[in-house]
Amino acid sequence: MTELTKRNKSILSVIVCAVFLAAVYIGDMLVPPTSGMRMLFTVLEKGSVYALVAVSMNLLNGFTGLFSLGQAGFMLIGAYIYAIFSIPTAMRDSVYQYFEGGLIKFSVTENLGNALGTVMGDFGVMLGEHIGMIFLMLCAGILTAGVAALIGLPVLRLKSDYLAIATLGFAEILRAFFQWKAAGPITNSSNLLRSYTTYETPLFPVIAAGLCIAFIVLLINSSYGRAFKAIRDDEIAAEAMGVNLFKHKQMSFIISSFFAGLGGALLAMFQSSVASTPFTSNMTYEILLIVVIGGIGSVTGSIIGAYLFVACSEWWLRGLDSGAFLGISAGFMRPGFRKVVFAVIIMCIVLFYSRGIMGNKEFSWEGLVGFFKRIFSGKKKTSEKNHKTNTDKEKEAR
Amino acid sequence: MNFFVENLPYILAGISVGGQYALIAIGYTMVYGILRLINFAHGDMFMVAGLVMVYLAASLPVYIAIPIVIVFTVVLGCTIEVVAYRPLRSAPRMSIMISAIGVSYLLQNTALYVTGGLTQTYPTIPWLAKTVTVFGAHTKMVTLITPVLTIALVIALVILIKYTKIGMAMRAVSRDFETSQLMGIDINRVITVTFIIGSFLAAIGSILYFSNYTGVMPTSGSMPGLKAFVAAVFGGIGSIPGAVIGAFIIGICENIIKGMELTVFSNAFTFVLLIIILMVKPTGLFGEKNIDKV
Amino acid sequence: MKKKLALLLVLVMLFTLFAAGCGNTDEGGDKVVKIGVFEPATGDNGAGGKQETLGVQYANSVQPTVEIGGETYTVKLEIVDNESSPEKGVSAAQNLVTSGVSIILGTYGSGVAIAAGKTFSDAGVPAVGITCTNPQVTLGNDFYYRICFLDPFQGTVLANYAWEQGHTKAYCLNKMGDDYSAGLVNYFSKAFEELGGKVVKEEFEQGNADFAANIATAKKNGCDVFFAPVSTEAAALIIDQADAQKIGMPLLAADTWDSNVILGAAKGTDLEIVVTTFYQEGGDETFDKGVKAWIEGDSTNLANNGGNSEIAAVTAMGYDAYFLALEALKAAGSTDPAKVQEVLSGVTYEGVCGKIVFGENGDAVRDMAVVKKCNTTDGVWEFVSNQYVK
Amino acid sequence: MSKENVLRVSDITMQFGGVVAVDDLSLEVNKGEIIGLIGPNGAGKTTAFNVITGVYAPTNGAVELNGEIIVENCPQGKMKTLYKGKNNGKYKDVKVLTPDKITKLGVARTFQNIRLFKGMSVFENVLVAMHMNLESGVFGAAFRSGKAKAEETAMREEAMRLLKMFGLEKNKDDLATSLPYGKQRHLEIARALATKPKLLLLDEPAAGMNPQESAELMHLVEKIRDEFDLSVLMIEHHMQVVMGICERIYVLDYGALIAQGNPEEIQNNPRVIEAYLGVDE
């Protein structure tokens, strides 16, 4: 029994994070783009984005008890803000092909890149672009948060289930707006946006999502986080204890939307093109299911859930669609079967294991040690899963 | 006169689609009234009813297929209740709502798998799909039948709820879940009956709706479902006449908006309406005020 | 107990999944070259994507081997479903790229093609678009080629056709968020207005099923042609409503409507439906017979083709694309995607849909579109004319 | 009136639809007093609490805290015609502070059917109640600025002091709802005190306690009053408790005030006896 001191634990966490990031960096350099292992990086990138969005949804649904279904709409805003302002000027005519190059004639990333490029050369271009990217991501978050603040004014006064429907409705309205022809010179209406600046290394989304999640964790562990949880547990008692319901709900809603918008910007970078069509209520449902799989009220859970979800739906389960899975091939395995299996797994989790992977607990080194002890003393067949979650857990910034 | 003929198609379409929304909305409002649950899967059940009809009609005559579809939908509705909602009765509200979303996800994905993602063409029900002329405007027979049938069914339902024992039990349960349980009402039976009625009406609604808009795809149910829910909220959740009036209003307004060539915002309008009504009169047109006990 | 059982179930599933993820062992003894098929099997474009895939699969059954650098390789198709979604498409594309394909065919639906383009070019794997008609697919992407004509061409052809038929006011309908229909409506209306015609434009939202109002609006505005180059899902509903309301004007559309779904919906009505497309049955006897027999011979294929063996133009295009890919592999003399990419722009192939020669931007040079009309009594397509752009 | 007035409830009527839950209630609490509010079940005691704490807006009447009006209302809308109470027209202004504002002004309460934060530890439950006095903003708190850190430390120390006082320090990290019933009641009081109230409203604090526990509770309440320098208004059914510590008692029946006075007066009041016997039957 070696007790880990607090200091040792944080050293351990820092080391694990550093090793993990280094591994990603080196792996990215070494693994060629057509290798099968490349999928690992795709999952890592998309998983990180989804992890951030899932955690932001968890802040709202799991920690503040507001059942909001507007996440896809907020991601849409973030993705578009980022894309619109980072398309290089030279590409604008071709991207906005039906709108004479659109209304906006500058690119934040390009301009910054050029500006710094003249001073510092190639490194300056890269630096400028990255500053531009980060700046735009923050803008995406802030603007999304602004929209959320406006939506929140009427919506947050509603009761739980009405809130769900109203946020769902707002997400639909937002999507309709972005597809609207009259908004075309800015949003390119029905056509997608592309050719904008994106990141080059998988480290970017991992670090960006990691930092955002770290902020959310810090917030949850602060006095404000406690007020959120109080609202979740009992609105009337929270109010009687002096917690201003509306102010705190609004705060949680805005912060959650900020990160959803930022996540949307990251998703835009991951996809390298943005169209408004995928940002439907189905996307919100998927994020909600990630939160449920991970455990409502657990940040670690949401992170693990996101990676598992992305890996399963985009990678591991694909065999179910193509008719060959684990050496089994059967006629009933045709496109769409993967999603049925997936939906069944999710229903099983919802019905029989409603606490999800982590319940409302968080990752801790003691928990991990305890987990391994339990594994080695009995169950053996979980070792694979264990291994997987372990790597995921390492990402959790303490 | 010309103006009237030109604009009549919108009104006709509005009334017809309103009637179909109404039939779905009743299912929402009744389930919500009793379980305080937005049954997200209700719209998808409506879609499944449409799909089953497509597959049945391929091998059976329509007049046999229709009753089977209705029975199937009712059984499906009850199964969903027993499997996905009953075990969570004492769980927090959010869990049961998530379960509903899960069921909706499952139904849609199963439909996607079964149809292979292809739109299925709804079988032609000879009498309903016939084209008729009303004041110079051409439309399908079903457009005219829908409002009549809807209102007839609603009257029957209101009578059932007002004058039968089970109807009384339903009213009691929707008023106070715990107390009526103490009074010896078999809650599960009441809920089952609610789901039977809701599914039955959804099946009828699906026959009417898809006779008019003949393509069935896995996502066909979600938009009508959402709109029907908005209609239920608009009319005052728990109130059946409210749901029906709300549905007709939404159906007609939606088509008038399209007639004004603002198609883009016809869905948006529904949600704006929802938010306005929730702000101004959260209990809807005919809803009753509930006070939280402290 | 139940919980434990469910947990066990989930764990076992996860375990097997992980095994599946790692253990990708399908290396046979033969030399294998992989061709990626990046097509939607589900979602809005599922119907078209499946028919396009059928063309590739049929071609593969006709010619399952290829001679590369003096050795015979067996061609293996790697088919992934991109779900008609730009969001899911990216990781689907990544899947394909990582499965070691030498060249990629697809996809139906330009939006997804554009979204996946970067993944292909990053990985250095060339892709050949079969029926993605948006100019942006190949623009600025050296790795994306295409064998079909483009939207500006198709839109103009349709506008010319409509004008020549004596129509003066067109009702244009496109789906919001769908770049394909929005693009076509844009090019069509531009060309039609230049010719002197008038245009009424409307859009509808995703998931909309109620087109009664759109048809009423077209009638109210006194339009004499109804242009709706939308996906087959919406098309079937439009046809049905048009019939119910006795629309009284021809329906005009582009290549998406060249599908069994439309034939099925239009059968028995008295509508006039005209489409432009890439291929008309009867263009190549042997191909027609072969593909029909092949589709009829397998229930899955039959279902994927929409229940009958009418040949969709996209199937013919898929067929051509496959053979073009084989030509490219032969010319490259290697299965290395980079080599294939080097030679691809110079590859030509005389297919059932005409000769494919790559021109500017890697787009095939095409100056002709087939116009066909729906015979609503028999439910088949009838050839009208070959339409050229002046 | 030599004593400083803390709470003055004037002519409160609370009507739900046609039902009058509280009928023209007036009461006063002075500084340092422990006041009892008793009455049979359904007499409107908790409703009165809810009006005072801003959970319900009264149909008519006003509430003053330290001379400042915190709640005032008159019949409106449909209530104008439905109103059955008295003093219609006496109050003109409409002012209903939300519960959190009233708490901030110095009124804290406990709940009849314990309302602890289920998902939080005992310690956190107390900490939440101090959140309203936090000065650092979200970012300060999240990034652990110097000020936020100092505030947090102070909050934690204060919370520990309260927990110790109620003998809960050992259960600090337990889930609030895992505590035994009696301790949950204590925790509710501790939590209420964490808001630094001037007036403490206790809703049946001794419910479910045995005589010994009740006696301990009485001492505790007195101790709190002295130590925190506050006034207490309590609803209680245990007559032993009420008669033991309350300086004055108000008796409600069917929403209306039927008696008030010191314990002896109440014990001998025929209307009170009647009201209680009526219930016992």
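In order of appearance the chains are A, B, C and D, and numbering begins at 1 in each one.
The rule we apply is simple: a residue touches a chain if its C-beta (ideal position, glycine included) is under 8 Å from a C-beta of that chain, and two chains touch if they have at least 3 such contacts.
These numbers come from a predicted model, not from an experiment.
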Mutual neighbours - chains that touch chain B and chain D alike: A
Far-end chain from chain D, centres as C-alpha averages: C
Inter-centroid spacing, chain D versus chain C (mean Cα positions, whole Å): 70
Computed distance of Cα centres, chain D from chain A, in Å: 44
Rounded Å distance, chain B centre to chain C centre (Cα mean): 36
Between chain A and chain B, centroid-to-centroid distance (C-alpha), Å: 34
Sequence positions of chain D contacting 2 or more other chains: 55, 111
Junction residues of chain A - those touching two or more other chains: 176, 179-181, 236, 334-336, 351
Contacts with 2+ other chains: residues of chain C: 41-42, 46, 176, 203, 205
Residue ranges of chain D in contact with chain A within the complex: 53, 55, 98-101, 103-104, 108-109, 111, 115-120, 124, 127-134, 138, 141-144, 148, 151-152, 155, 191-192, 194-195
Contacting residues of chain C [partner chain A, same complex]: 2-3, 5-7, 9-21, 24, 41-42, 46, 79-81, 85-88, 90-92, 94-95, 97-100, 111, 114-115, 117-119, 122-125, 135-136, 139-140, 174-179, 181-183, 186, 201, 203, 205-206, 300, 337
Chain C contact footprint on chain B (complex, rising order): 6-7, 9-10, 12-13, 17, 112, 116-119, 121, 129, 131, 137-140, 212-215, 217, 219-220, 222-224, 255, 258-259, 261, 263-264, 266-267
Residue ranges of chain B in contact with chain A within the complex: 32, 36-38, 83-84, 87-88, 91, 93-95, 97-99, 101-106, 109-110, 112-114, 116-117, 222, 226, 229-230, 233, 264-265, 267-268, 270-272, 274-275, 278-279, 282, 292, 294
Parts of chain C lying in touch with chain B, wherever the complex brings them together: 40-43, 46-47, 50, 176, 202-205, 207-217, 219-220, 232-234, 236-237, 240-241, 243-246, 261, 264-265, 303-304, 306
